[in-house]
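Same chain, two partners: chain A is paired with chain B first, then with chain C.
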Partner chain A sequence: MLAQSAPLVPLVTPSANDLLDLLPELIVGFGFIALMLLDLVVGRQRWWLAVAAIVFLAAGFGASVWGWFDSGNGHTLYFGSFAYDKFSMFINCVLLFSSALVILISPHYLNRRGIHHGEYYALILAATLGMMLLAGAMSLMVIFLGIEGLSLSLYILSGFSRTEERSQEAALKYLLLGGFASGFLLYGMALVYGETGHTQLQQIGAALHSTTQADPMLLAGVVLIFVGFAFKASLVPFHTWTPDVYQGAPTSVTTFMSVTTKVAAFAVIVRVFTYTFVSLYSHWEVIVAVVAIASIVVGNVAALTQTHVKRMLAYSSIAQAGYILIGVAVGTLSNTSSSITGTTGVLYYLAAYAVTQIGAFAVITIMAGRGEDLDSYDGLRGLAYRRPFVAAAMGLFLLSLGGFPPTVGFFGKFFVFAAAVNANLTLLALWGIAGSAISVFYYLRVALLMYQRPKDEQQEYPWSRTTIAGGTALLAAAAGTLVFGILVAVVFNGAQAAQNAILPAIASTR
Partner chain B sequence: MNRVPWLTLMIVLPIGGAMLLQLVPARMTSVIRGVTVVFATAVTCIAGGLLFNLPHMAASGTQPLSLAFQEQRDWIPAISASYHLGLDGLSGWLVMLNSGLFLVAALAVSRSDAERLRRYCALMLVSEGAIAGTLLAADLLLFYLFWEGMLIPLYFILSGFGGPRRGQATLKFIVYTIAGSLLMLVAILWLYFASGAHSFDLESLIINPPPAQSVMVIPGINVSTFTPQDLVFIGFAIAFAIKLPLVPFHTWLPELYVQSPATTLVFFAGIVGKMGAYGFIRYGLTLFPSSINTFKWLFAALAVTGIIYGALMALSERDIKRILAYASLSHLGFIALGIFTLTTNGISGAIIQMVNHGIIIAALFLIAGYIERRTGTRDLSEMAGLEKRMPWLYVLFLVATLASLGMPGTNSFVGEFAVMLGAFQLGWPLAVVALGGTVIACWYMLRLHQGLMHDPLKPATEHVHDIRLSEGLVLAPLVALIILLGVFPKPVGDIASPAASQYVSLASQPVAPPSFGT
Partner chain C sequence: MTLLLGIVMLLAAISALGVVLSRQTLYSALSLVVTLSMVAVIFLLLNAQFLFAVQIIIYAGAVMVLFVFIIALLNPEAEDRPAFDWRSWIGIAAVAGITILVFVTARNGITYNDGGLRGAQIGRVSDPYHTFSFPPDAVNAAGNVQTVAGQLFTTFILPFEITSLLLLVAAIGAVYLTRREHSGS
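Entry: the complex of A and B
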């Protein structure tokens, strides 16, 4: 299939409306620059930067909520290269909420580790901006812009502990493999562009829709694009960087990247695969399903043998990504008129995962010792005796990750597996269920350790005190985990509305 | 007409009590025990009141389950899952048993581990709430929520308190149970999508069953011999069979019972062990009438195997807790046998026997706990002659022993008799083999009782003293109930029988001719 050359986009200045609809991104982008400048002013009073960052993120969150109601059925901005729809606003809300929680737990942690530098906050905002671009990207160019925006910031952030070898190793590993991933992604994009002649997702979708037979070159492009995304979402077999980077990076950075990167990556996977490449579904379904199963198996089995919480959570996050990918593999298939679809499941799971995973990592961050992380299983023993509320919160997060009701994590799994059963992919759901059964082992193991007696009553325990900011973050995450596990309808209706209003609005053939 | 959400209260009160306990300083053990007992008593009073009023509540309308005291609120309207609670003769008795046993456990809770008393009491109350929720839910998603959620407090209770090898035993139990319940989750999802109703509500699923010919594709498995309903039923059945437990799925039980303290066993053996049986009646019979008729011979055979296997194992053990654990397995076989007769007699017998067994096993494990605490051993061969040192315990133990072996005049006779009637209706060989189980039951229970109580004293039993008044007051009501329900079983039967016949009629399908005559 040889497409005609794309019509040249007229170079006119975008309308003011387009600019206004981009408000959440603009706020965060402006915040990034403002924080860089503010850093020069505040001197050693760096907590001001955290306050400012939270103000910007909250403003962005407010703008996203406003955009949620304002966007209606959604439309594109800038000649079809950016989406203004409920889907991106949903993702924006999750991203900004997560980033704000990360900022809350950061100052204390960075101080304790002795790496409290001003650019940290600016970089977090820059990475958030990149992710928001990914969430709304409707063009291959914007997707690449978003991926690079978040990656460049995260390369620096993961090596933020400049004097520590581990952190350096993490940064280098992430940089090298991330560079490879970007290469794959670009190559795939080039192939898809070469086959369809478009960079805009809607036009690509339309071009694919009108073809009956898929060109091998096009399929190669699709697979390479998937590889690029899979690196970012740390899916097997592109996950090898995950444990080392998660463990080596400062914990607040790990918190940030383990949650927000995945959210953004899955947002773009859904937009590109579930909706743009919908007519190639029969080709990529198997690949996605196999990657999902591999992630679930490898993530869960590897997590079983870990002895450090950060590393365990890293492997378990691979498995979590596998569960989410089941929702992608379901695509838009639905046997019944039921409202449970793959995309709804993915969106619900992302929200659930974000609030739970941030909480779990926040506990490690809050408990950090002076100059080092205390995240070995032995170090957690007896936490419940010293810090009953922190331990209770951690228990809640672990149960949610393990998918126990009545937590939000259960319903994340529930909706994804339900979508799979709805699409007659019962076997995929059974794989997911086998994985969750395994995961119960290692989550409960940590939960139980916290409730065992400390080994030596006399020993001075090195856990730091919980600050007000950290406590607030923990409380918010715990409340979200529990409340949305009971009042499920709130998030579910949101996910459903986001799914219904997603662009590109090419009539689905399935 | 009933403005007070009594059923919700039965779930929320214990959980609220557990939260309240967190405000009490851990040192004030008396206050902690007091609060726990008060909350457990309150729930027991509610359960008793509801049960008393249950026969007077007009069966409500056209609904197939005729649930009383219903509460229904939207929960996740987009997928028509609702917060729907209801009480019938089956769940009524089990809720009563639940609250009663937790009250007993709250009274019997040991003072020795004062440091962790608050956590134990709180977890106990949360378990009570979750179990009540499981029994009251009339919506499959809500049921699953409580069914699985119940494992959280149970996990911390079982793995935190008890013998040295409790961790492994608990892990086995939890993994077994989770594997089963996750299978059930897939089954629930399939039902939801296959049924025309697209609802998780139990009653609307009964009214709108999935079409019989719908196709389920499981690559790699030849499904031609079973209908999809059968496979889905198996998903449910494995979850329930593990929890019950039926014989091939029972391996978690003995070790867990041995490792757990008596207080835990009061409610764990007493009520948690009944959840599988409850699930079979409430969900198996109503949602899969044709499948359960297909599989009833298999499950009845497993039940009878369990009766004999448990009895023989009980006969061969020397550890008193292990004997009781296997005895419990054997008696649970009777309950299962009653269910799978699919007759009114059998099922009402099973319901009655669930209540009876809960009372008896709680008493027996408490007694075993008292003996172990005094002698420091559980080995039958090291103990003898306790009647000389513990005359009060001797009497109470005697009644519980006789009840356990099904002596007429005790409550267990009534239930086992009804189960036997049902078993004869299904097929006489089953009943004969099951009767063999009761004969062995006489043997091992009397062996246990005589071995502990008679003969000259041994070193371990030389210096023991009798149970204290407080311990006797915990046991006495249980023993009184054993005799009371044995001579006057009418109230239990009156409530259980209508429920049983209702479930039988829901499960009634054109039955395949039995393979051997009755």
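Entry: the complex of A and C
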């Protein structure tokens, strides 16, 4: 035993090129650590941290754009652990853009709430890094670590207001339920690993293709993995934490997590389910479709009765997740005559949802008062007379969420539903359309309230002034909502290219 | 051998139930010690001696000490102190017996002729599911620790590095959430 023989498996060191291809993640990871150190230098001038964070995010965005053109048909890094493909770069761009907008609206909001600490920016970057890792993850281990990376950061961020009970409650609730969901996810991964003997998605896909039998243990693993992902994407019936956490967390954090978590979660759902478990499609299709319908129904119906914008948007985000899931339920089915596939729809919808939802939450964030969020329906009455531009922007975001043309939200819904119809899942599309019809009611209710004359006895809300940074973020989100709605082809072609280059490629394993 | 593995798994499951069902927190913690030790024993029976040692040192050792410390800090009341009744004696005897049995077996050499409990179904080379690339004998010959380390720092280097970032996030969070507010800052 003591005399050592040669290693059991030849030790292959990863190539240096792999590290270079990981550039976007490296930049954001470096930024995360650098911001912690910068915090010691800047003292009270914490807005410097916001500037630095945006610089890092922009650099990461640039690296992702470069990676988009460089990756070509895509290849894996680190022995199949990570993907370097257009799909992950598309998701990276959406994530980094969203994070940068959130950073823009944060300093003013945090100051007013009295919770302007340097850790905030570092944790936002850490969460973004976790999501980027999730977007490119090609191994069950990296998926789990990515999910934990974003979750840990978000647990802390939800409880960022340490003196406020509601924020602490939100953090604890999220932590406990999130830990539970991670357990499900890990159990599912263990079962899938036990059945296929691999943690790398490509090899799992290949192992599944080479057999026709579907072992119950394997299916249990697949379902448990879906439960873990569905929790992060706040899909019914794993949504119960969503309204409380969204309401309790500081609004800038809510903005961040309502958008980016969903983007990352759907990226990994698409990669794992649509492309890795593709041979098991007939088994998981029904589950995914039922969860999608349940999310649409529950989210929309519950949103009807809300009286606060934050809670309404929380429930509406559940419904939005349901629409996106329709694109996953479509799988890789498509009429050959049509170019609109489920994955393209999902990608377009995610980009659309990101700009719109960030905008809607940003309005609440930048108007927040000292120590409280001023988001009750009654208080919003007559906003248009005091803040015409903010109200117009909010109206635009609500129309986009409701799916009115020519906003980006309309095309998101259109592509997802069209993909469902193409795959002969018309019933699923009809559920989505019915849900959108209900949603118009509560979106327009808020929009109309803003344009009503304020009541005489109505107490004037001490709304915060719009800062230059906040205004910029609103303008960027509004521009995204309108411009990408008019120049649909830009995002659509991007989504299609991303879908065509996604790893693990089905063709090579079949 | 498979029988011994089955007994250990059963014991792990029963003590895991004990973690959930115990009324007193200290009993839960002690049940967790048994669960984690039994998982360690499973590692040993699967020829993963290194993981066995790590599991014992880190989980059954370090982590559980923290658990018990915290319980002791939060529950100083006398009524929550465990009394040694027949249940604890059964638990202790079972753990001691299993551990002795395992060590005796391990000394005599652990041999498997298949890939584990499900080996009959998935362990055959002709089966496409067959992927056991680490046969026990070969692992022992090459060195258990060396094989784990070699894999950790080559094939799984990316997850390994991400874990370090994860720990950093957790450390920042712990410091931030428990830090006292300085007056004036």
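Note that the second predicted complex is superposed on the first by the 490 of 510 C-alpha atoms of A that agree within 3 Å, B and C clash if a C-alpha of one lies under 4 Å from a C-alpha of the other, contacts with A are read in each partner's own complex, and residues count from 1 in each chain.
Simple rule for what comes next: contacts are C-beta pairs under 8 Å (C-beta built on N, C-alpha and C of every residue); 3 or more make two chains touch, one makes a residue touch a chain.
Quantities reported herein were computed from a predicted structural model and do not represent experimental measurements.
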Tell me which partner A:440 touches in the superposition: chain B (first), chain C (second), both or neither.
first
Touch test for A:114: chain B only (first), chain C only (second), both, or neither?
neither
Once the structures are superposed on A, label A:179 by its partner contacts, choosing first (chain B), second (chain C), both or neither.
neither
Who does A:159 touch here: chain B (first), chain C (second), both, or neither?
second
For the three-chain arrangement built by superposition, which of chain B and chain C touches the greater number of chain A residues?
C
Spell out the part of chain A that touches chain C in their complex, as residue ranges.
1, 4-9, 11-14, 29, 32-33, 36, 77-79, 81-82, 117, 119, 122-123, 126, 129, 133, 139, 141-142, 145-146, 148-149, 152-153, 155-156, 159, 162-163, 194-198, 207, 210-211
Which stretch or stretches of chain A touch chain B in the complex?
335-340, 399, 404-406, 410, 414, 417-418, 421-422, 424, 426-427, 429-430, 433, 436-437, 440-441, 444, 448, 451, 488-489, 492-493, 496
Chain A contact footprint on chain B (complex, rising order):
74-79, 81, 119, 141, 144-146, 148-149, 151-152, 155-156, 159-160, 167, 171, 174-175, 178-179, 182-183, 185-186, 189-190, 192-193, 198, 216-220
Residues of chain C defined as touching chain A within the complex:
118, 122, 128-134, 138-143, 146-147, 150-151, 153-159, 162-163, 165-166, 168-170, 172-173, 176-177, 181
